[in-house]
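Once you scroll down, you'll see the structures, which are given as structure tokens.
Each of the next two complexes has subunit A plus one other chain: subunit B in the first, subunit C in the second.
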Partner chain A sequence: MKHLRALVTLIAVVAMTVLLPGCGEPPRGIVLWHPYRGGEEAALKKGVLRFEAERGLKVTVLAVPYEAYLAKLEAAIPRGNGPDVFIGPHNRLGEYLLHRLVAPVGDAFPDADAPRYEPVTVAAITYEGERWAVPLASKCGALYYNPRLLPEAPRTLDDLAAKRDFALGPGIWPLAYESHTAYWHSALLHAYGGELFGAPASTEGGAGAPPGFAMTGEAAERSLDKARELVATRVVPDEASGDLVKTLFTTGKAASVISGPWLAGDLEDKVPYEVVPLPSIPGVGAMRPFLTVDGVFMTPEGAKSEGARALARSLGDAASAAERAEIGKQVVATRSYWSAQDGGGDAAALSPEAKRQRALLVAFHEASADAIPMPVSPAMNPVWVPAEQAIRKVLRGDASPRDALAEAKARYDDVMRTPPREAVSPAPLVVVVGLALLAAAFAVVRRVRAPGFRRELAASKPAYKYVLHAAITILVLVVLPLVAGAAMSFFAGTREEARFVGLGNYVEILTARGKPLLSHGSFYLTLLVTVAWTVVNVALHVSIGLVLGIALARPVLRLRAIYRVLLIIPWAVPSYVTALAWKGMFHRQFGAINAILVALGAEPISWFAKFSTAFAANVSTNVWLGFPFMMVVVMGALTSISKDVLEAAEVDGATRWQAFRLVTLPLLRPTLLPAVVLGSVWTFNMFNVVFLVSGGEPDGTTDILVSEAYRWAFARNAQLGYAAAYAVIIFGLLALMSKVLGRIGGGDAKEAI
Partner chain B sequence: MSARSKRGSALEAVLVHALLLVAVVYALYPVLWVVTLALSKAGGIEPRVIPVPHGADEITLDNFRLVTGAGDPERSWLFARQLVNSLVVSFATAATAVAIATPAAYALARFEFVGKRSGLRGMLLTQMFPGVASAVPLYLILDALHLLDTRSGLVLVYAATAVPFAVFQLRGAFLAIPVDLEEAAMVDGATRTQAFLKVALPAARPAIAVTALFAFMSAWNEFILAATLLGRESAFTLPVVLQSYVGEYSTQWGAFAAGAILVSVPVMVLFYVAQRQLLSGLTAGGVKG
Partner chain C sequence: MSEAIHAASRTATNDGTSASVESSDTSLPEVPRAMRCAARGIKKAFGATPILRGVDLEIPEGTFAVLVGPSGCGKSTLLRLVAGLEEADEGAITLADRDVTHLPPRDRDVAMVFQSYALYPHLTVRDNLAFGLKLRGTSTAEIDERIEEASAMLGLAKLLDRLPKQLSGGQRQRVAMGRAIVRRPTIFLFDEPLSNLDAALRAEVRVEIRRLHDRLGATTLYVTHDQVEAMTLADSLWVLNGGLVEQKGPPLEIYERPRTKFVATFLGSPQMNLLSGRLVKEGGLVFAEGGGVRSRVDDERFRSELDDGREVTIGVRPHDMFLAKGDAPKIAELKVEIVEALGSEAFAHGWLTSSGPTVIARLDAADARTVKPGSVIPLGAAPTSIHLFDAATDRALA
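Entry: the complex of A and B
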């Protein structure tokens, strides 16, 4: 026992001493978080340094990746560990308010400062009569065009449509934009007078119906018809991701693209370009993009600090704005920068590169004047997914605009269903939980009163010393968070404003919210998909892993070490980028898989248009990501098998197959079984491949249960209770399945788990 | 080597190599696209079967320079620190997870005790609960333990998530080792602890290696918890830094791909070294005793 403890303590001490340096906390002063990178980050830091020098205050700046930004804000701010000020886009204000992450900026933006900023940006950060941020910069789309391909700036969509069918050259598209996203489609929608969210933020805030799904009616239908026409007549490529749009333009395969100011940073000198406002549609109106405004927000804690407010204010001043424009290439919200440009400024002293840079900013500044600020409301987040499903459906030609939009509206209403308002009696919950506890207590009592229990307990003491620390670790860091999560399933609303609804969430999920049980997005349909997903994946993981593991175990194999390393590469490379590489490979027009199919003489396939092919795309990605793990497990397990046994089998005259089936496989079983069981459980809950590759396409049919839970938590108005109920149900299902499978598998399975 | 595996092994060797080559192509093909992305200026988009940058002049190391901050001492220094963070955190996670899981797995394989069944079941159950939004509860717990903003706290969290699998995996390995060896040692006067440390542990080394690799990998590529639980840029791990190339509107895929390749190199080196040490023919020494 002494040795064991010594070993564990030694490892713990070594680990901690290595880790401890760097934990000493220097004074932090004012804390600023931002999601910027590159030039934007450098410009921001410059402004902060100047503020520190002028005010003699310390400022700590932290860049947080966009994908973790909201999670981090949400975890830290309510606990008082958050920043004092943080930078974010104004359209997230609804969520910030929902989670109580922000306070009005107060004297960081006094009334006297109002003329300092562009009116459109001031309107964007004003909500219900309060100012919630100091506006820094605006972002909206504009048209980049390649003057080598289009000598004259395209003013109308028809100018571009005239170049359809590759009139400009083989494989050269007149226009590329992310036609399947709601954000970019909205520019067309606005041209026809439609809107995505109801009640655009009025300058004074307040009046009007609360924003909700507003993409209905004739304008929306006409905009979808137009989008479909652009794709069908080969003016615009389909399924273009942001990255594809960029590469099409830089490689001269798109004569013009619709994108934001961020694209310019990637273009550098790769391709000549000019920027003009979006084209108009003859007889209809101008395409108008959405406008988002980056602002400095104050946390409730930070709003109390004078220094923090002064920092926020100084980031909006003329000097900081000039830096952010010149270094960060931002379309700044501060007017003084633009008035200096109008007067010609120091233009003569500028290099051609800097001149071009300024022209670009000026073009975006002009475009922003005509853009529509995104409204602010927590109710708009759930609009995106149904809207995009409708757009994609129409673009694929699977539904008429009217039907697709009606369906999208119904889906939005379904998601936004109001949870029961009135206080719910906790009685049913108490009964269920009480019964469960009673059953558990009964089982414990029976066990304790069984003959010889004390003796057994005494005999167990040595074993407890071995398992104690594992038990504590798991209880505190694994079980506790899960219980906390499960408890949320009895509540509706956000974390900060939870309302007890008892078993209401469960009832709604299990009754498919009153719709037919196998309707779109219902729990039961998703469950079927999930089971198929798990079975197919695990079967492929295990069989590929077994075959490769056994092949690699051959003692005489040449290059064995090399093969092994090459074959674990899919596990070693971060899956975020490889999953997206797979998605790219399945692209209909530009993907490698279709290129191979064509080279073999087959027809290209539109992978994400049908459930079966989209599912196959997801599966091939996940199998690719997962087989190395199973292979390594098999390799590890094989080395534990004594060679004597196999040699004995051989001496007894067993064939290779017999030896494998009767000797190797049974011996592999104890080590392999946990990996298979846990692998199934993980696959059941593996949402990121589904998210990254098919994204639920077509029409949400490839979503599995856990991705549905994530959508409820993050894309649908933060209904965490509903998501938690989904999680508990998934948990219950898996527990039930493991029990049933354990019965079927007989003693062996029970022994292993 | 027995006589029979020599006979007719030429054909078999060819078949095995063919099989492995197919597997290698499947494993590497998507990665080649990532490499192309990292090396090329513009990235290629026309449908091509073989992913290569357009021409020699199109190949550039700019993305790698950008990620490592080459030319900017301050940024390179930060990158080096973050690389060290990643290594320290992942190795510490592997060590901690193995240290916590091995004794527990041994007890679950060799001892009968009250609560063993339910303990095993409970551990399996923890894996079944999807961790939707579990970052906030973890944040609260680490806050209460005063481990927020420390790498030790992050290591504990990673290790804890890896422990259940590690226990199952190691228990399976201990079950596969004949009990006789330890019993023989104990007859010779060894204590239970000595039998565990001197006999069972060496025999289970391949499984321990696999488990450690698993724990290492779970820490090596994780970014959400790391970004949420750590509060200073100098404490961040590499995946967090990589992820910051993904923005709301645009992603610097070239830089991301270059970073992803840099991140996966240490893992491959580690695996190459580890497999020689731990995955080949150890059984001979361990079990035959």
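Entry: the complex of A and C
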């Protein structure tokens, strides 16, 4: 009784702590959320203060970290404790709409205000004829160049191409940008009049519907030819990551780079630079980057408040814009600021630093005029992923632009295929689930009927009390998610509009979606790769682990303790750190492995261009990660083998190898076997390495089942049901594998020691 | 252990009474044909610690040789050198007239029974027995025959399909022996094979080992620290101490004529009583005096070295001391501290003098009832049972 009262009190206290702040809050006026920091935040606050003074309204400004921004909005707005207005990037609009977080801005952006803003920003925040935000500022790519290397601002790509083959100095690239990404390639694509995103393939799903795949046709092919030419003629390095681009520029190894305004913050004074709009392609047109616009959005609740609308409108006015530009250093969307600059403004009075700052803004503003606003759809991955695969493939020279794009389109179509029909009758599912339940029931009955079951049950009653909490924990943390995941596999479509399809997902997976069974991306091909991956890895883990374990167990080796620690280190480092390090080492132009190959006089290898080399790269990384475990297991198992037994074998006439094969190995087996089962399961599911090192390159051929499942869930239009079906199949395969491996181990070996 | 003792023991072994040939540090004479196993001038050190400091060993065909000594004396190392599990720093080893000094164990044709039995835990008894034969490519029929023979000899027939962990200690011991027997090796090597057994089983298996040896006529080298095993099993006993052979020969001979104080105390239970004293010549007779003892010495035995006044250690085995009754000559008086009655006999512990060491004397079972702690009893001993050791070198007088 006492316990009960204590429990009730505890619950009440907890509940009050959680609920009270919500109830007891005083009226807070208009609430504004923003993800800004530093100067951007200061500029915003200044504008808000002025608004408060003018209108006599109270505004609460809350900075929310960008990483959690969307999640917090999603959580807070439907419950009514969210903001009235919030600032966010326009390309999230699709998501905002999907979760009903926003309403049209109404008189915060009357038609009369349209001339007030840059047309491109107005276009960005307009969707289906409605204006959904007051545009504040925009971000897009521009060309940074190093005036020491390029005294003249490069205006065309040809200006840069003229410096090819390291004409500027050894190892100095004329231009660096993330050429293999769809985001940056789009600047080229747009120059040729192409498009990445098209109209949604289907109209259902509204703002959540994925855009169409528009990167086809002559424009797209020509853009790829151009990109390939830039890489092949050594104007641009291949596969440069964002970090590499930055490093090349700051170290003077790239005369110019294409990047966004964020790069300026990182450059500081490390290297002199100027910014100009992206170069144009002679005879074709200007490169046009993607544009993202920060805007003030209204929540459905906020849209009803006149004060909130007035606040949103005032944030777009000339005074606020000037503050954002001067203090926040943003490329503001309000035109009045820029027309003042054109007139020369008060430039004479400015410090050189401020002048420079202003020149930077002007350059980005100029660049934004030609930029293409990002689409607002939340589901862009079905387009991004195949487009990037096509771009990489062409850049590597593995396929012509036409073939690569046709393949990408096919892949897009595959992902966007009509989901399985709604199950006409749930009969097959009922049969399968029914059979499973029947088998389980049969097992239970057999157990209960077994002699002595009741007696045992009664005798172990206290034991059940002790394991109860653990059982509940396991039920909640393991069993329920498993069941939920399995249940999800009977549905198709995205999270928002899931439809029950029975075993439809399984049928699609197991029939390879109607294509040949071993066709690209089919379940069977992936399974084959996964099995090869597991076998090769585990075999290498065990053999290297055995050799090193035995070598380290021998007392003759000096500095044994040091070797042991050194060899265990790969295991101690988090696997994604290792995976990223290896990814870097396999880079074609800047990786350590190719550097060694070149130093030895071999040709550098494009590791991720071919299945065999990409697979080998993955395997080396995973072997590096995995052998220490087997080594430690072997070392432990060796200490349990008596020295006498090995000497007995020696006296009995065994050579070293025979003693190892006939005595050591069989005695290691009982310990090694569970380790092999565990290792196989880990390797079978080794997502980190495959995802981070090869990322499935080339063309998703090195993907294993888990990374494939991941892609279905997160990179292909959120087909969670389909991914869940993959997961259930993986689970079944692993359960089967453990069972089989356990049986191979045999009973008697386990008892031998 | 002082250098003097080693020097003494070296002399003792070199002019020993056994049938072996003489050897010295400088020359390595030919090993006679009849030797199944012989080692010459073996030296072995582990790091800076010398374990064997120049050991010679000869085991004639069919002999049961036992190496005995305290722990650390090098006896197991010597066995492992013969097996080939260690390599000697110096010296040579021959097996059946073959120089095996640098051969690995598999090429020596030896079989070894380990203290831990060292059975292969993953193999059945049958496979354990067959292991060595299979490696040597013996035919299946031959293997079966030998296993059958050995298992009949050792009573293993019903255990052939069991795993080692399903056997008792004694059974494992027998399997280990069986594994050696089926091999029919040049020499059997036993490394303290009985020390993991309980006392009753030990006595039983001890007899069994001797019986097997007699039956097979096999040459055997057996290592133990247990003097009972050493005494009962050996044809030829080798007492090792500090990495050197202290004395060798038939066990009874060593028991009766220990050549050093160490050998005298190591063999025999309870230990030989030792008292410091000196020799006194009186009227043509020689007496040993000291520590409360005054006894005539058998001058037939110690002809040469009985100088008057020589400092000696007097040794008398407890079994050679008795309660002096009637007019039997008395050599000492024992102040009894305790009496251990074992039924068939008894041992009285006590002192001869107030400052002397504890002395043990054997009593007849009947006397054990009358001798009480605290009483003083007269002790007698035959002059022939008095051992004399040089006080400086600890070497027996000869």
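Rule of thumb we're sticking to: the second predicted complex is superposed on the first by the 438 of 753 C-alpha atoms of A that agree within 3 Å, B and C clash if a C-alpha of one lies under 4 Å from a C-alpha of the other, contacts with A are read in each partner's own complex, and residues count from 1 in each chain.
Criterion: a contact is a pair of C-beta atoms (placed from the backbone, for glycine too) under 8 Å apart; a residue touches a chain by one contact, two chains touch by 3 or more.
Bear in mind the structure is a predicted one, so any value in this text is a computation, not a measurement.
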### Task
Would you sort A:Leu438 into first (subunit B), second (subunit C), both or neither based on which partner it touches?
neither
### Message
Applying the document's definition of touch, where does A:Leu741 land relative to subunit B and subunit C: first, second, both, or neither?
### Response
neither
### Message
On the A-aligned overlay, A:Leu667 touches which partner chain: subunit B = first, subunit C = second, or both, or neither?
### Response
both
### Task
Tell me which partner A:Ala486 touches in the superposition: subunit B (first), subunit C (second), both or neither.
first
### Query
Is A:Val645 in contact with subunit B, with subunit C, with both, or with neither (first, second, both, neither)?
second
### Message
Quick check on the superposed pair: does A:Val476 touch subunit B, subunit C, both, or neither? Answer first, second, both or neither.
### Response
first
### Message
By the touch definition at the top of the document, which applies to A:Tyr710: first (subunit B), second (subunit C), both, or neither?
### Response
first
### Task
Name the contact category of A:Ala602: first (subunit B only), second (subunit C only), both, or neither.
neither
### Query
Which partner, subunit B or subunit C, is in contact with more residues of subunit A?
B
### Message
By the touch definition at the top of the document, which applies to A:Ala232: first (subunit B), second (subunit C), both, or neither?
### Response
neither
### Query
Taking the two structures together, which residues of subunit A meet both subunit B and subunit C?
642, 644, 647, 650, 667, 751-753
### Residue ranges of subunit C in contact with subunit A within the complex
83-85, 104-106, 110-112, 114-122, 131-132, 135-136, 163, 165, 179, 183, 189
### Query
What part of subunit A is in contact with subunit C in the complex they form?
642, 644-645, 647-655, 658, 662-663, 666-667, 669, 748-749, 751-753
